[in-house]
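Next come two complexes built around chain A: one with chain B, the other with chain C.
Let's turn to the complex of A and B:
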């Protein structure tokens, strides 16, 4: 769902760039506080993996195709949508500059859809559903919803830009990404399951137990 | 970097490169959801604002090998860029805590 150059008027692209810069500001703050040196290899490998998996277009019904995006995956692994913002800014920038996939003028809009919305929707859907329906079903639904809403937002952006009519755009993007979302959900579950089995230390929710205690102590100290 | 982390990066890159090798053969040539939606509402292709060296993940004159090479180059660039950026952005421990 990479929006190419020319689909969005430049003045609207500028607005999405402003959103991107604000999101990056908060993400850099997050990284300064929370991005452990141990997480650096994880971030590098996830970025490379997202680049790779985006090339694998899988056939879905109606003569179209779709690829995994991974916004929910990154946000859930790091327990932080900010990580998705950083990774997607880098990956989408490289794709736009070197491979002509997604426009450089549409970078702000593309990061908004796949990184910011994908990351937030993915993480908070997962957090909300984790207890009632269990960890892996929650991951599946979070990943599905993240890519589906990202696609619908892209359709709305196309409508604001005057490129797509609203209803046709929403229906079309919705139907295709309903199916792409199923693939996204399965792959997100597989990747997180593999990480949990092989490198549980890399998953943020396994660190939170320790961090939570530290934070509680810190907040007690500051309260005094 | 610990040995564990080195293995993690090596295994990660190998998985990525396996995807890069399979992708040109397995990936669907059909337009993706957004392109197809654009077709459905009658919007044509547009020109890119900047010319990219490897448009559509291919290298001119090289067929499938070029596509694999383009993806492999992209994977390595992404890995290195993300590693360097993450190192620059990461949390700095106070001096007394660092080894």
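Let's turn to the complex of A and C:
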């Protein structure tokens, strides 16, 4: 899903960068209000975690493999799509500059797909479905939809750039990420379930419940 | 993709001594990104060939291993190469070959594929060079000096510190799993169970790294660390003659190439035509 340098014309890259700058402006406002001594390490670790998770290959039916993206995970943990925008901007920047994974000129497009669309779709799908179908099914669908739509948007961007035909791009990215999305959904559910059990204080929706400190002390991870 | 091995190898490469290693991080960052932007802007293969020669010359000056550079570029090519491989069959142009099932190769598609591939090689060479001559923290400091908001710079700097810790945790967990003969790709095991184990691996890796990171961050904060802290000491680098020489040579190369692209390269046949 990482679009490399040279695949999108510069004028289109400029448009995606404008979108990124606007998103970063609002995310910065959010960061200044919300980053406290708990949120800073959480955000940095999540960023490092997203980086590492992207390097972990997962088995996918039909013999192929793929990796998690984590846009919905970040947005749901912080209950803020702005967190996904910040984390994905930083992660994709380092990936582009040090590992050639995704282009530096295509950074705006890549953050739009994985951070902005991934974060917004992930969080608001979760919020919308949480009451009707329950927390964990909602997380699964949110994570699946976030990665699926992000991949389809990447196909649309490549079509606008004249690099790949729309139908073939939507079909190939769609089929592949339909299955990766299932893995993403399962893993997002498991991670949030583990956080809820072991460190509920880290989840934004538990912020005002006063159970964080007690649970943090009981953490099995700390005990190990 | 990238793993702990490549992260550590990259940091080792940046320890070498050369005129490019000792330069101000901002100059290296801006100029190498400028080369990528120019490569994406240009539509002539001849321009890419000269940009690549210039980058190879810089690699020679930087004493970075050619073998490592070529290996890294080749390892990164498949990500974009997959899309490039389709271009001769899907891009409009004059049909130069027809095969079974209506498969056709066009001249326009071949040229477009060649342009994309050459752009990709130039971009990746530039990235490999940048990452081989600049430690990650130097790049963070460069971004900070160039005006990156403090909050973002702090998270970026902490992220890079935690990255090594995270990979250590990942390594430890996967080591423990291998010792118990766990293989996520073993089809004899139930798929659901394998997914559960991978999910717990991700969750445990995240939680353990968070708790270590939280301890590190709180001890840093208790000693006065904040987003205003200066995180990295850049050995008092200043923009001097080396930096000015690098700026002049890079801008000179790009300016010459642009003049040649507009007035001379069109005589070189396929190498010099503008590919749209």
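Observations
Here is the rule we go by: the second predicted complex is superposed on the first by the 200 of 224 C-alpha atoms of A that agree within 3 Å, B and C clash if a C-alpha of one lies under 4 Å from a C-alpha of the other, contacts with A are read in each partner's own complex, and residues count from 1 in each chain.
Rule of thumb we're sticking to: a residue touches a chain if its C-beta (ideal position, glycine included) is under 8 Å from a C-beta of that chain, and two chains touch if they have at least 3 such contacts.
For clarity, every value in this text was computed on a predicted model and none was experimentally measured.
For the composite obtained by overlaying on chain A, chain B and chain C cannot both be accommodated without a clash. In the superposition on chain A, contact of A:7 is made with both chain B and chain C. In the superposition on chain A, A:187 makes contact with chain C only, while chain B stays out of contact range. With both structures placed on the common chain, the touch criterion links A:155 to chain B but leaves chain C unconnected. Touch criterion met: A:103 reaches chain B and chain C at once.
Of the two partner chains, chain B is the only one that A:173 touches; chain C does not reach it. Once the two complexes are laid over each other on the shared chain, residue contacts for A:68 go to chain C alone; chain B is not touched.
Clashing C-alpha atoms with chain B after superposition occur in a single stretch of chain C, namely 80-88 (options considered: 44-52, 80-88 or 98-106). Across the superposed pair, chain B and chain C both touch chain A at residues 2, 4-7, 28, 31-32, 35, 37-38, 40-49, 51-53, 55-56, 58-59, 65, 67, 86-87, 90-91, 94-101, 103-105, 158, 163-165, 168, 199, 202.
Taken together, the chain C residues at the contact with chain A in this complex read 1-3, 6, 10, 29, 33, 36-37, 39-41, 72-73, 76, 79-80, 83, 86-87, 90, 116, 119-120, 123-124, 127-128, 130-131, 136, 139, 149, 151-152, 154-156, 158-163, 165-167, 170, 184-185, 191, 194-196, 198-211, 213-214, 216-218, 221. Interface residues of chain A, counted against chain B in their complex, comprise 1-7, 28, 31-53, 55-60, 62-67, 86-87, 90-91, 94-101, 103-105, 151, 154-155, 158, 163-165, 168-169, 172-173, 176-177, 180, 199, 202. Across the interface of their complex, chain A is touched by residues 1, 4-5, 8-9, 12-13, 15-17, 19-20, 22-23, 26-38, 40-41, 43, 45-57, 70-71, 73-83, 85-87, 89-92 of chain B. Touching chain C in their complex are the following residues of chain A: 2, 4-7, 9-10, 13, 24, 28, 31-32, 35, 37-38, 40-49, 51-56, 58-59, 61, 65, 67-68, 86-87, 89-91, 93-101, 103-105, 158, 163-165, 168, 183, 186-187, 189-191, 193-195, 198-199, 202, 219, 221-222, 224.
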